[in-house]
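Labels for the chains are A, B and C, by order of writing; each one numbers its residues from 1.
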């Protein structure tokens, strides 16, 4: 069993102990589920009320957190510190062993880096290159001439089609499809004719892609995902899309062809973007929003079609008061009618 | 060929024959496609007009159904009775045979229950336990220390990652992913750092999960799906979500992290729920709605952001009449201007 | 290396050269990425400004395109011509070789057509029929009694469940699920009871289905996809849906049970359709729209609930001006109050 004193943990995290630094920590858990012996964390003010009732032996919190009944470690970024503590108490022990499983079909024309691992029932085609220490779990398909960098982790049943390139330290969750054909058809004489999709997908370093997400290859040239970008489950990224660095794309988002995200863009869950637009650096798109035109940098947009969040909120607030507006208009009509009647009677007099 | 007289079927269903009970039924079909010899059912009043024109030899209907040209079986719940009749005429005959297929890679540290079946190209890791009579079809991945109860059916290419637990009689359709990492990142110094997701997913009994649906493991502790809950295709369930018993989650719904559904909740297709809220017992969320705050029990909500359905309908009805409101306001402005003009002329006089 | 003179290409495309027909073309690329030696195309007026700056040696454009600094091939349908040119310069060379891979598990009761190819780790059950020259890539599951026509291409990890039928020249991208159970449950005594789904899916010729898309089998009878229909990634098609010929269904669309699309329907990305409605021939549903009732032929609908696009646009424009309407009403109230005050003072006088 892994144990640390609170003071030892604080030192590893660059934090400051408030309370008894000698207590022993043996695990880590969420604030509601933690048990004695666990350390937990408080990063969302929504959970502040749990600070008094949690059974955790200690809590990681912000520098300015108010004192509590139990020992604290104060840090600059509690969620980041929590991330490190989880790795301490729950190291990753189940990694697939290096080497090629005998049931995998690896082309003699493929290259597998030192200490890389190719799991059962994988298929690795000619020209594929797998970097050092990368782990490819069971049932993955890696097409011709693909490249996967070092220290990547591909969970079971990932498909990376021919010519696609991944950087280092990428994580692809089960069922991810990289490099399927873009959705392009030319209409002629009553039917649609497939436009061959002969580009590829190029993915940077430290990219994570969620379960069953699909990223289409470019018609020609490349669909691109920048370094450090994190993509959730069931996301659709169309052909020739360019995603910048350090973007966050929440589950079930859809991005249409040739649209570009600059760096540090955040897209809320189920948002949809039309093709051929640009989302500026550090812009945020609200959940379920439908973006029909380019968004300037540092802007938050919401709604369908998406507009600046402040504008949307104002319009939405007015819309809530529509019934009263109808009533006010009806009252005005009656009052004006009365005034007009009086006027008429006067004229007659 | 399986045959039954109408009277025999009525007895099996606890229903009452109206008409000739001696006719022979040889199959079952929808009301529009049924042929002579088939029995069909009427559960949706939308299809009542087909009652006169269906070619079916008999119809299962509600107790209060009006008489028709053809023989009826009247029952309390026609859709439930139909479900039983389908099983009579179309028994499930294609079940994979018990035993471990020679191409499957089953760890010696895994346990496979009596009469369970592990299909071709499956991978079952150490510590995994598969219950009696459960069927795991080809290409499934079952991680370390998972447990699957008795009489489960996993269709091809399902992934259940390490430590996740399933109850009895669960059905997981092709491509389901249980236990992929939750989407959690701590931002620091210009980039996102992965928060390890070390919890699991715990699924109750009699749960069905649709094709390519993804259910993320908890950061710590468990994401939970209660007994009897039915989940459609392409649904996303985030980390630490709690779904109660007997919920219905229609296709393409997205539920963000730490949100809770109490029992008997229904979520319409493509609905999206933000994180950290509670949907009360027996509440219903309309299709495509965006739920941004908790919903009380026994409530129907609709829209974006979702509000009580009655409120939404009223606001929507007013919004339809906006053009007229603009006209009425314009007319009022003209009338008031006229009154003011008259007043001014009067003053001058 | 494949090369053509511009004049040769024009002849193959039935187009007309404007400029020097003797220049040599060695590749094909998008207008922004093209390099000297490449031919590119202009089909979207949005990209017209690139015509002056592209490095391409020649451009395929419409018959009425204005002259440019570089050689042109003028054709009737530039996108269609581009499609042909891509095939010339980038022929499909990576096709899996014919024959059954030794790691595939093919039932002796299955039939595999001449020159068909069954990839590694596939499973083909008894009664399955694979047509001539069809290619089934690694890890596909083809159930009992399915049929796949000639010249089909199934990418890795496709599931086609028992009894489902595909026509000729279909393309199914990775992770597609055809024939999973429809979402049907009868509620009784506090829980949901599965309605067995014993129909199938019938897919016509020249159908393309995007990655991780799911198409459910009918309860009884068939879910149908007509000839020439193209379906994008992550689409959900419910049980007993009928899709006509030459429809376009963009990514993440959801179609509920028993709904019918007539021929040449287009559904924008993330649109959702309720069950039991009909979308008329050549109708178009806007992206993210929620369709709650049938749509007549040749109609464009948008919004939630979807209405004719012109109506939606008008209502939306009025809604943008709501804040002004509130101001106008407030101003009217003040003016009427003043008029009433004057009237009262008058009466007193």
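Throughout what follows, contacts are C-beta pairs under 8 Å (C-beta built on N, C-alpha and C of every residue); 3 or more make two chains touch, one makes a residue touch a chain.
As the structure is a prediction and not an experimental result, all values here were calculated from the model.
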Problem set entry | Self-contact between copies chain A and chain C, residue sets same or different by half | different
Problem set entry | Rotation angle (°) superposing Cα atoms of chain A on chain B, nearest 5 | 120
Seminar exercise, completed: The distance between the C-alpha centres of chain A and chain C, rounded to whole Å, is 25
For this session: Find every residue in chain C that makes contact with two or more other chains and list them.
Result: 103, 121, 139, 157, 175, 212, 234, 252, 270, 304, 319, 322, 325, 329, 332, 336, 339
Problem set entry | Partner chain B, residues of chain A touching it in the complex | 28-30, 32-33, 44, 46, 77, 79-80, 82-83, 86-87, 90, 92, 94, 101, 103, 119-121, 137-139, 155-157, 171, 173-175, 206, 208, 210-212, 228, 230, 232-234, 246, 248, 250-252, 269-270, 287-288, 303-304, 319-320, 322-323, 325-326, 329, 332-333, 336, 339-340, 343
For this session: Sort out for me which residues of chain B touch chain A in the complex.
Result: 103, 105, 121, 123, 125, 139, 141, 143-144, 157, 159, 161-162, 175, 177, 180-181, 183, 185-188, 190-196, 198, 212, 214, 216, 218-221, 234, 236, 238, 240, 252, 254, 256, 270, 272, 274, 276, 290, 304, 314-315, 318-319, 321-322, 325, 328-329, 332, 335-336, 339, 342
